[in-house]
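Below are structures written as structure tokens.
You will see chain A twice below: alongside chain B first, and alongside chain C after that.
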Partner chain A sequence: MPKDLETLTREKKVETDFQSSEVWAKVAGKAVYGIDLILPGMLYGKILRSPHPHARIKSIDTSAAESISGVRTVITAENFSCKPYGIVVDDELPLACGRVRYIGDEVAAVAAVDWKTAEEAAKAIKVEYEVLPSVFKPEEALAEGSPQLHEDFPGNVAWQRDLERGDADAAFGDADLVVESAFSIPAIHAAYLEPIACVAVNDNYTGLTLHTALQSPDSVRTIVAKVLEMPLSRVRVVGPVMGGGFGGKVYGNLNLYIISSMLAIKTGSPVKMLLTREEEFIAGRPMIAAEIKLKMALCRDGTILARESDIITDNGAYSAQAPWVSKTISERNDSVYRIPNIKTRVRLVYTNKVPTGQYRSYGNQAANFATESLIDMAAKKLGIDPLQLRLLNCTRKGDLTVHGLQIKSCALADCLQAAADEIGWEKKIRGRGYGLSAAIHANGSIVFDKNFRGASALARLELDGRVTIFTGEQDYGQGAHTAFTIIAARALGLPPGLVTIQSRDTLISPFSLGALAMRQTTIGGRAVQLAAEKLREKIEITAVEAGSESTGLREGAVNGSSANLIDLAALARYYHGKTSGLNLVGEGKYVPEESDYDESGYGNISVTYSFAAHAAEVEIDRTTGELTLHRIVAVHDSGRIINLLSAIGQVYGGVTQGLGMSCYEGYLFEAGRVANSTFADYKIPTSLDVPVIDYQFVERGDPEGPYGSKGLGEIVMVPVLGAIANAVADAAGDWVTDLPITAEKIYQLMAGWECE
Partner chain B sequence: MDNQEVVFTLNEELVRVYADPAESLLTVLRDKLGLFGTKVGCGRGECGACTVLLDDQPVNSCLIPFGKVEGRRIETIENLSRGEEYHPIQKAFVEKGAVQCGFCSPGMIMSAHALLKTNPQPSLQEIKTAISGNLCRCTGYKQIEEAIASAAEKKSRR
Partner chain C sequence: MSYLKALNLRQAVALLRGNPGRIRVVAGATDLSLQEMPQVALDITALPETTGLETADGFFSLGAALTHSEIANSHPVRHKATALTEACASIGSPQIRNVGTLGGNVINAAPAADAAVALVALGAGAVMINLEGKTREEAVEDLYAGFNQTIIDSGSEIMLKLVIRPCAANEGSSFERFASRKALALPMVNGAARVEVVDGFFRSVRLVLAPINPAPTRLLNLEEKLQGAPVTEETYKKIETEAAAEVEVRASLLRCTAQYRSHLIGVLAARVVRKAAERALERK
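On to the complex of A and B.
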């Protein structure tokens, strides 16, 4: 390892860092999650779902369901307008209006006094269907004469993009080598351990309150208010503890929230609804499947000249965030290396299958599998070491990438070298396979809404001398609030134990975009830092006014120059009395510079960018194709690490999810029906499946993030896929190009069988 | 089925509960007895979030018909701490960063608790095997394994 890197890389020793008090409730079994909620007079809601992948609804008869004792209401599409809504494109309805488009589509819903009655009533609703022809494969859905899913989207294309930067065609003409391959990635479920649950409460005085755990509560309540045609200030989201999200709970399951709200409005009682694990799989919002055709042009010396991609993503019946995910799949990996010429076509296509959404890193990990495999294919053909090929081309600090990303900090080359060194690139063990992979991830998007790029926070001095931080940014175990606590404590000069983070009630927290696009620490944390600094300023001014010359805060008191310490509680009460009831409050707003992002999608999309390189060491049983993962080395440039213990937890967890996607996971369908809708059939890694994971952080800092930090939570799973794919290819002699990489596929590859 | 009286030991107390013997133990614990520490992740015995101890053995409470607990001992996560006094396994989970979303934690801790009762100094492989029925999506299991090893070590030193 280079000398300077050694000093900048943390020791692997883990210190016990600060942990938020909520963690104690979690280990004691006292933390209240969505599934645990009970309110007085609460009813239970259940959805009747379509048994057909595509059908016209001829009639719905709810009379038998309504006559069951204990049933309080039954709702159908008639309770809503039939105007589609959506996150990116408007194609979704809370309850089907005359037509169902996948097995699981919501047809009707009931509220009853208990689960059993609700289930019985849902089954008693009589629906007459006229079955329509279905289409399950995107390429068939694109063909002329195929069944059309949505009138507003002719040709079954929900979203598409054609993009050219530079002159790719000319570059391909000049190239010494052109490599190409096609890759296939199935739909992946975030598989958070707590299925989505909510309780909706409606009353004429306060309006609608949704008790549900969301990564982006303000985005969800904005959509719910719009669909229910309610004023935004009458819709509030209060969050219980969240049992995992990983992108799947940014918007969660909007139809579930809208349906439970309507049941609550109709009955005047709180209504609890949840998805069973099976419903999570058949009617949740997994990340889109993708077919990626890639072509790359290189010089003999390994310089990459151009890349061309043709991507079809499988939307299922409705879109959720799938257009954004398709966009990330199609372009984020272009900025890992200095690729001057790009030609891209991406089409998001409707099929009669489960609707799709997003998962940790927005498809960047799916694209990493394809683009990083192709890098190694090129290296093999050129006879260049894959590490050297990457070092020759990789993005560096100060670069403006092909899509206009401004790289203000970047230690990617160091990450690559460190990952290779740690895995033993120069001293490989015979019979084992080694693979490398590199990644970039946007860190704090500023283009979701060009007019709302940043975040704000409030820091309030309480009458007892403690400090409360109000933020709309969410923590669900990934450590955002612990990071905020540490950031606020550092800015205030207080022990972290005196700081509490409040984020779970949209009525009192600042409006926020929430936990997505790795914006928590970088954007949310910066707002917290600014709010805390503002409060500190106000405390110091007030302390002077109250009769003390102050120079700073230490251990819950203002440090006077005369060594007289002022009790913060006394100061808070002084201000409270003087103003007849106000608290000292610091407001922080972090508004990143406006982006030069243009209509072609060129421009800086994020305040900064995180980088990573992973290396994998594997072994293949040559008789059976069975894959043994010996080790993953994960080296990250996430700027300065705020909380090492949770940073390590993010790496371990993210690498394990990457491993799951590489080797085990993926939706299987039989004529539109999800064939693996249980954890027995949709396998996520267990403790016995996880190899040794070694982590390193290259802490160069960053000019934008609070205290030089950058995001980590999403990029941790990205390079795993390419690293494993390349290690398998190193051992097997060729690449498995369709995920997951199973023993069967490796065996077929080595035996030279034609895969289906 | 009709409700019937089932007498069993719950968290070291003898209790009589009237409930449907065909209901799962999980449903009775949560919906009848208000013990919400035991979580529901799948309802099919595949995720381990509902792990409790039945006569010191870890079981998926979603798979145990309530009638079967007659005369037996049940221990849930609620028995491991008293107010601010936490069990060494719980402390180790916090210290080692073994908790992220925390949804698997009660079941995971109960599996660890069962392991350490019968095997106070387990090997890493024994720890991995003991929690292999408890799915965790957040942590990659590493810090959980470290926590269990650390709790075992502290126990043996005392």
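On to the complex of A and C.
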């Protein structure tokens, strides 16, 4: 049974066990998600998608669709300008302009009075195609003479980065040992339970309102306004409760929002659209697949001298956030250890497949699989214990890493030791495999926008003495608003039950980058803290001005139970009367001045960094290769934990997603068609597949984050992959280097089969 | 589409008669939405004739509309037709097992339907009734007519029950499956065996593996070779190599390569025979 606030307060567990009221609405089945929304007079929109991986559109005939009773409008590329847009790279169009580039590409859309009519009408649109040669593998797309996807991107390279720090070539020349291997990671679906859904409403008075749950509503409305050529202030996003996002709803599905908006503009009626689960798979934005070639130079004593990587990421037909994800894959893991010399090449390559985006941790987890496997490969060759090799090289507090990250707090070595101790590193059970893995993740990376480094928030004293926090940062189940509530309550000296977080309307919330890059608690939370502190200051000043004998804010302040406390409701009304209607408001802005980077990307790209070490214990059935996961130990340095219950939830969820990516998940393609476009065929772990998960938090604090806290939401997933890969290798004798690690691949490895 | 639920057999037959060409019998209907929907679905899960679980004339008589959960929780079935218990307990998820039925699992005719594989290994028969009220009995293994097809016309015939001869004291049965996750996954391979052991030798073995053909496949050559074979490690080794050699399997992009599936056929064949033999020996 959930405990009420009073009980929790009495037990002095308010901050560890408190959950925001939205959690209880979800548990009770009362939360209203985007997919539930119904507005009066609403129409339903459906998209006609390309059946071909690559084709020229010769003609589109919408007349049959338009003549169906109940159809309100049919739109094609003619309703938009054919100027590509994008998040990082401009290569995308709301509806195809003369050419389709993957099976699922948007060709036309209809709005009708119900789903069935809309579906029928979409099918009735006649499109004549001239099929073009396709390319599905990035290495083939890079070859000369390969079909070209975009005129503006010759050679099918959407984005590329070549980077050298230090002198890697010289280091490789001096090394006692060079280890190398190639790793392969498939595209991954973020597998949120609620498919992407939105209702677009347009009227001439207020402009365009999109009702949709997004991790980053302000970023999305900026792009939607630009593509529709509308003033930004005329585009508003109102968020219902979100049924999971895991990075997949930072930008969600931009074409869906733009198309539904255009249908609403054309018809003058609200238009609801959603992706079916199959559409999520074939036309969503899974995290990019990657081929990672790694080489590492070491001294005999285990000191890492250099690392070289050559990475090809499979963009699919359009780029979404794939350049940023590619950058994280290529770079972030370099700062887990003290690696003085780096040489990196990463190329993002177009293929005629589903466009890609991101997933929890931005590819850091994909890179962890590769880099942490290579660490163990090196340990094996050197005859050094993998734990000792990690402890010898791991990043520590005070370090300036090879990419210029300033490590102001870091308990990575303690995390590694604790994970090893807990899994039984020194008393391993015979026949079982053990693996370790380490990770770093940025808290609010500024690579998205160098000129927008922090966050802001408003704290408002309501007339009843309660406090409302206005923030653009989003809670989509990860507990950000629970954390904000606790942070604000602590700064104000009030019980958390008196604080409400308001974030779901871009018209009234401060502009924000939103829930991405693990920036909510650290960056958003700090802004909340500053706003609450400012409000508290104003309350105290106003109390003096009002002639109050006391300026103390303590728990219970509003009910006047204690004589020397301020009656907040009375004070709010005093100020309200004095100003003819204003509320006491605290503004908080948090701008980490030190966050910066140069043209090469060198610099402190984030205010602080979280660290983690995971350990896995596995067992393999030697007759089949069947893998049994006994236990994952997750030890985290996320600074001081603000809300233990949410933190534990993050660990359970993130570790489960990590093991899903390790052992079960991945897109499969047949000639560009997604072969596993349902949850029956795209396997995520069931509850029976999840092992015992043990968590530990090494709470050393942090000078930057609110009350010493750091982020946790993304890094929880990262080290799982390396830990499982290394545990499997420990048991099987060699590494499975392409995800997912299936029984078949383990058996092939042990039986010495050549892959078919 | 209309969905009708018959309360007794006479009503069910009358509804079938009254809707020729547009009606289909369903029992659980968990896979119906994956197929072409009939105009009329006739639910037969409330008939006394399809929901009994009894022993008559020395045979188990299992109503075709018993759910997988009901079968899996039946003590007599667990005791004397263990393979069926194990198969029913491993189908889908708890929700599916609470709705899906034994007869439905057979008539849906998926090539690796878990319950059907166990039923064929156990040598089960199926009893059907037609529009004239005539019943017929067929061996479950003879019901298959092709991929996802049986010889039963769901528009004019109702499967009433499945009959199984319970295992005697010197008999045992076993079922096992190998899939990519622990629930809600079609198996790469599943298999079941029923064996009779006399004085340390196999007197008879029924060994079924899937998916190999549209129907659960008995390994007839191996069954014959095992008659009179000693219950020893060498025999299990032989089963492993010969089972894989007897059948040809296909690769599946979604599940596994043919090479691995072939290997699993051998491993599972040996495992289910071994487990069934152990049970036969335990029961004595």
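Operating definition for what follows: the second predicted complex is superposed on the first by the 722 of 756 C-alpha atoms of A that agree within 3 Å, B and C clash if a C-alpha of one lies under 4 Å from a C-alpha of the other, contacts with A are read in each partner's own complex, and residues count from 1 in each chain.
One rule holds for everything that comes next: a contact is a pair of C-beta atoms (placed from the backbone, for glycine too) under 8 Å apart; a residue touches a chain by one contact, two chains touch by 3 or more.
Since the structure is predicted, the reported quantities are computational estimates derived from the model, not experimental observations.
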Open item on the list: For A:748, using the defined touch cut-off, is the partner it touches chain B, chain C, both, or neither? Pick first, second, both or neither.
Closed with: second
Open item on the list: A:429 in the overlay: touching chain B, chain C, both, or neither? Say first, second, both or neither.
Closed with: neither
Open item on the list: Quick check for you: in the superposed arrangement, does A:463 touch first (chain B), second (chain C), both or neither?
Closed with: neither
TODO: Check the residue A:400 against both partner chains and state whether it touches chain B (first), chain C (second), both, or neither.
DONE: neither
Open item on the list: Quick check on the superposed pair: does A:678 touch chain B, chain C, both, or neither? Answer first, second, both or neither.
Closed with: first
Task: Greater residue coverage of chain A in the superposed arrangement, chain B or chain C - done: B
Open item on the list: Let me test your reading of the model: by the given contact rule, A:655 touches which partner, first (chain B), second (chain C), both or neither?
Closed with: first
- [ ] Classify the contacts of A:24 with the two partner chains as first (chain B alone), second (chain C alone), both, or neither.
- [x] first
TODO: Give one of first, second, both or neither to describe whether A:668 is in contact with chain B, with chain C, with both, or with none.
DONE: second
Open item on the list: Is A:688 touching anything from chain B or chain C once the two structures are fitted on A? First, second, both or neither.
Closed with: both
Open item on the list: Can you give me the overlap between the chain B contact set and the chain C contact set on chain A?
Closed with: 680, 685-686, 688
Open item on the list: For the complex, give me every residue of chain B touching chain A.
Closed with: 30, 35-44, 46-47, 49, 76-78, 80-81, 86, 90, 93-97, 99-106, 109, 127-129, 131-145
Open item on the list: Give the list of chain A residues in touch with chain C in this complex.
Closed with: 623-624, 626, 664, 668, 670, 675-676, 680-681, 683, 685-686, 688-689, 742-744, 747-748, 751, 753, 756
Open item on the list: Looking at the complex, which residues from chain A come into contact with chain B?
Closed with: 14, 16-17, 19, 22-24, 26-33, 35-36, 190-195, 241-246, 276-277, 476-479, 645-646, 648-649, 652-657, 678-680, 684-688, 690, 693
TODO: Flag every residue of chain C that touches chain A in the complex, lowest number first.
DONE: 93, 178, 180-186, 251, 253-254, 256-260, 263-264, 267
